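This is the structure I have questions about; it appears just below.
Read from first to last, the chains carry the letters A, B, C, D and E; within each, the first residue is number 1.
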């Protein structure tokens, strides 16, 4: 698989070209879908085939974007939401992993808590929002805690499952070295669960966004979730739609970042 | 591992006993936690250490339960929500699997759609709720579609990943038999993905409940989600808490049911 | 009666939230006034005025029921088939100011105090700020306003110690009082004066196409209003309780009594220009940008149906 | 009669990192009923060659003929067995064995009777309703063989079919499989890493070079003993000589 | 001198379905520097025995002594190697090799120098910063051996350490490992399925019965040739005789 020579055969060049052409085609199709989508939206809205009052219109959204930018408010809202999301995300991952470690350490506890975790997982955390608000007040903390609640259980369950799937023989090997339980955790269980943890992270990105948006619906005075709610109240669908689109982009970027962690931490994989 | 004899050694009887004792202990602890939790809640609320206006109180909830039951409304609400959840869950699984099959079949499409799936996955679907509502109206359909949206993307991604992980050699084997692509799907790809599909189902149970509740927040006139939102609006925490608890029980039962499917369909595993 | 039911025309109505504040409408449904008019109401809840408006515009509802501000905004956005208000149900704000102790309340006392209000951009919050301004205080300067808490969480936030006052709708305000969490010290509705707080509307085209339905609908609403006027709080509570699962009849009665006393419900469905103009004042004083132009009354309101109803029904 | 002919086969794998020449100009003729073993350093291209013969990979150059017909896609005349048995865990042994017939729509009484007969003959009849995990490795490998034979191929391609078994089982199963294949009169190309196995089973051993695979030598195996079986020939005097020749040709050193 | 003594070991596994007697009353004494091979039917209890000796499983009955001290938990005097190399994929070869030292807090210059020396001697020095997946199976198995030797155990327990390798590599690595172990003067108990391997490596071959494992026979291996190496002894005249004895004792038939 290593490069055998710098000069490739003709056949290989044809192959490389066809691969590149295919990639281009995929990329082109992706871009086309985007363009067609927005163009169609714009045109249909223009000719009132779809009602711009209901679904807004790209040109209106851009106008609104410029206005928000000129106000200097655009980045404030984006920043606030991203900040809350990142905090919620990091906390969710760290606390979730710590609890998973505790459950791994103390098997009895994990058995006892299992049905409770299942129930908590299926529970619509959003219903608990108001309770959170009066426990921790109405600041950013409440938003972050709501985001935490939504991502935490999933993290615990998936990381704990990952821990339990660690190769028994690797643990046995460490035992023959006389390793303590803590060393087993440090040297085998944690590092070999890195792939699991990263895939939990990927899920968490999505959940953290959901959590923060829900939280902002409940208590925020700024942020994209706030804009969505406020835009609804003052009948500004442009604001609502623009916020949703910015949200998608931000969520995608964050996901891409986490996915890039995968390459970094799992370098030994290829 | 097979029973070697009906008469077990003394050592074995001790072992069996200790296993049973441990199970009992776990069960007992679980029950105790429940009892203590509710007792503490009741007592603390009674002595106004925690405010029953804010978090309700078990005895009030029971009173409310009885009232709701006498009204004949209890089962109506439970039934509505369960019905919507089951429909959303089944549709999510079926449609998700079908789309995953399409993506498996048509690799180009799957490559083109990949980033869109990522974005959709990371997007807080709750923000799209209102859009759904005015597209499909404000009936049960909207609720089911919201539940679908929340579970669908996850199903597609995880089932499609499962499909791609099917042993290449098994596929090769079928090709040597001259199998068509459809036969490969039918004989290898689908059956060997059953474990993946079932674990997707387990996740979907949770997501469907969340989806239905969110949907009911948005449009319902009945169901547990409606009770929660309405209870919140009229500051009836008893209603909110009772609904959340009923919800937990229902969600757990549904999860247990799906987990029992696992035993049934994966009988060949042990 | 079988035959009669077959002839009923179905009307899809979307209310903004489920609230005892809208008692006359529920009375009209439960007492069969709509059926008498040959209509059958399919009621749904929008959970937000914006969503109610969307329901109507997307043709998922025939008639919307929420604050007129949505209709005003829509007109200003230049939609051809805009919405038109044709009947009014409540003529005041339905919320109350709840304080921590019984007091001889004067709005001027609020200086330096903190109030939990509604979400920014919503009419309840605008009205509150309008009243504060009318009493010579500047919102967020003389009076602290907490506006970032969702409608469903404000009572709990107050009870758990936040703020000096909270603006609450019923039955939450009475509940809180009953629980010893506070005392109703003032009616915001009384202080604001008459405004068209919650009204029925439909798109212009729908009204043009279905004047008879609108007329029948208005008739039924008017009958409801008359019924409410003539009956005691307890009777009203009994008539509407089926819309409020799990509610306490006593509490409902208290609340209805309170709304009755302060003249919350319009006696007739006629929406007056003066009242609408006050609402627009309130919005503009809150934030001029929200309402750069004031839509003409004749365009967005029709009183024709309400007049007819008042004339016809005794 | 020549059953299979590979003519100037070359295979180049392409990846974005570069190209890998797996087979270079390899030609081979196999007689009907012959048992051929391919040996060669690991990664030299043995499996690739089998894939080309099976019509699963199109060679970059060259052609494969079976009964003088060119092969371009998987042919019914060929049965392929892999290193792992690849029995489907979710199907019983019986359901696994009829898989090929099911796919080719050949589930008729005649074929099923033949299968039943094979199951019986090769000692699996009483296990036909068991799931694969309930069988030992040797039994599973025999089941995989029956699955392959069920389609009645003329040519069997075996890619290290015994490597997954432990040493003793391997000797016994090799014996079994040899008998079965000879019984049915099949033409066989088998890949193995085990020199002794190659000698004990085959009529000719083809020794391949390092990647890209080229033929280094072809050794005709002849034993003086009668009633040749794989276990018996291990004690034949010629055995050790063949072993040494191949050992040297392979030029093994691990670095 | 007797290095290791197992006395009347019995092991019973318990599951909810029932109990499995894996070892019954097994006693064995191993001299210092001896190389012992355990052979026996699969599933008979060989790995279980090694686990007991390593102190990983408490036997239901019986005791194990090393240097006359009873073993109750994993001891520093013992090194254990498994069928798979179990190198940690996320650590480089060097980091893998120092793992035991790291755990026992023995990362001093002396030990590290010794490791460097071993890496060099056994041909892995230039690969020390590679990740396991970049190495061939044979190299990985050698790295696993060095990891075990790094802690300088007196006794090595090897559980089919070569099974994962292909046949040729296996012969060569067996040779390598034999040299390394003899060099370092270790006492060894090795489990293998390969009769030839057992004969070519060990001083004594212990043949176990079917489960529950009991000693069926112990065979002392003596070769007349000088400079014994595993590959050489395969050509010794006694080799075939030992093979046949063990083959018969094992009484192999696959059903």
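As a working rule, contacts are C-beta pairs under 8 Å (C-beta built on N, C-alpha and C of every residue); 3 or more make two chains touch, one makes a residue touch a chain.
Source: prediction; values computed, not measured.
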item: Co-neighbours of subunit E and subunit D - touch as defined; value: A, B
item: Superposition rotation for subunit A onto subunit B, Cα-based, multiple of 5°; value: 180
item: Centre distance in Å when subunit C and subunit D are each reduced to the mean of their C-alpha atoms; value: 83
item: Where subunit A and subunit C are represented by their mean Cα positions, the distance between them in whole Å; value: 40
item: Distance from subunit B to subunit A - Cα centre to Cα centre, in angstrom; value: 20
item: Subunit E residues counted as touching two or more neighbouring chains; value: none
item: For subunit A, residues contacting two or more additional chains; value: 54, 130-131, 134, 217, 232
item: Subunit C residues counted as touching two or more neighbouring chains; value: 50-51, 54, 57-58, 152-153, 156, 159-160
item: Touch relationships between chains, expressed as pairs; value: A-B, A-C, A-D, A-E, B-C, B-D, B-E, D-E
item: Residues of subunit D that touch subunit B when the two form their complex; value: 54, 56, 73-74, 76, 78-80, 82, 84, 86, 88-91, 99-100, 102-104, 131, 133, 151
item: Subunit C - residues contacting subunit A, complex; value: 48-51, 53-54, 57-58, 69-70, 73-74, 77, 79-80, 119-122, 146-150, 152-153, 156-157, 159-160, 162, 290
item: Subunit A-facing residues of subunit B, complex; value: 25-26, 29-30, 33, 54-55, 108, 111-112, 115-116, 118-119, 121-128, 130-131, 134, 205-206, 209-210, 213-214, 217, 225, 228, 232, 240, 243-244, 247-249, 251-252, 254-255
item: Complex contact set, residues of subunit E against subunit D; value: 42, 123, 136, 138-139, 163, 166-169, 171-173, 176, 192-195, 197, 235, 240, 250, 252-255
item: Subunit A - residues contacting subunit E, complex; value: 167, 169-170, 172-179, 183, 187-188, 191-192, 194, 268-269
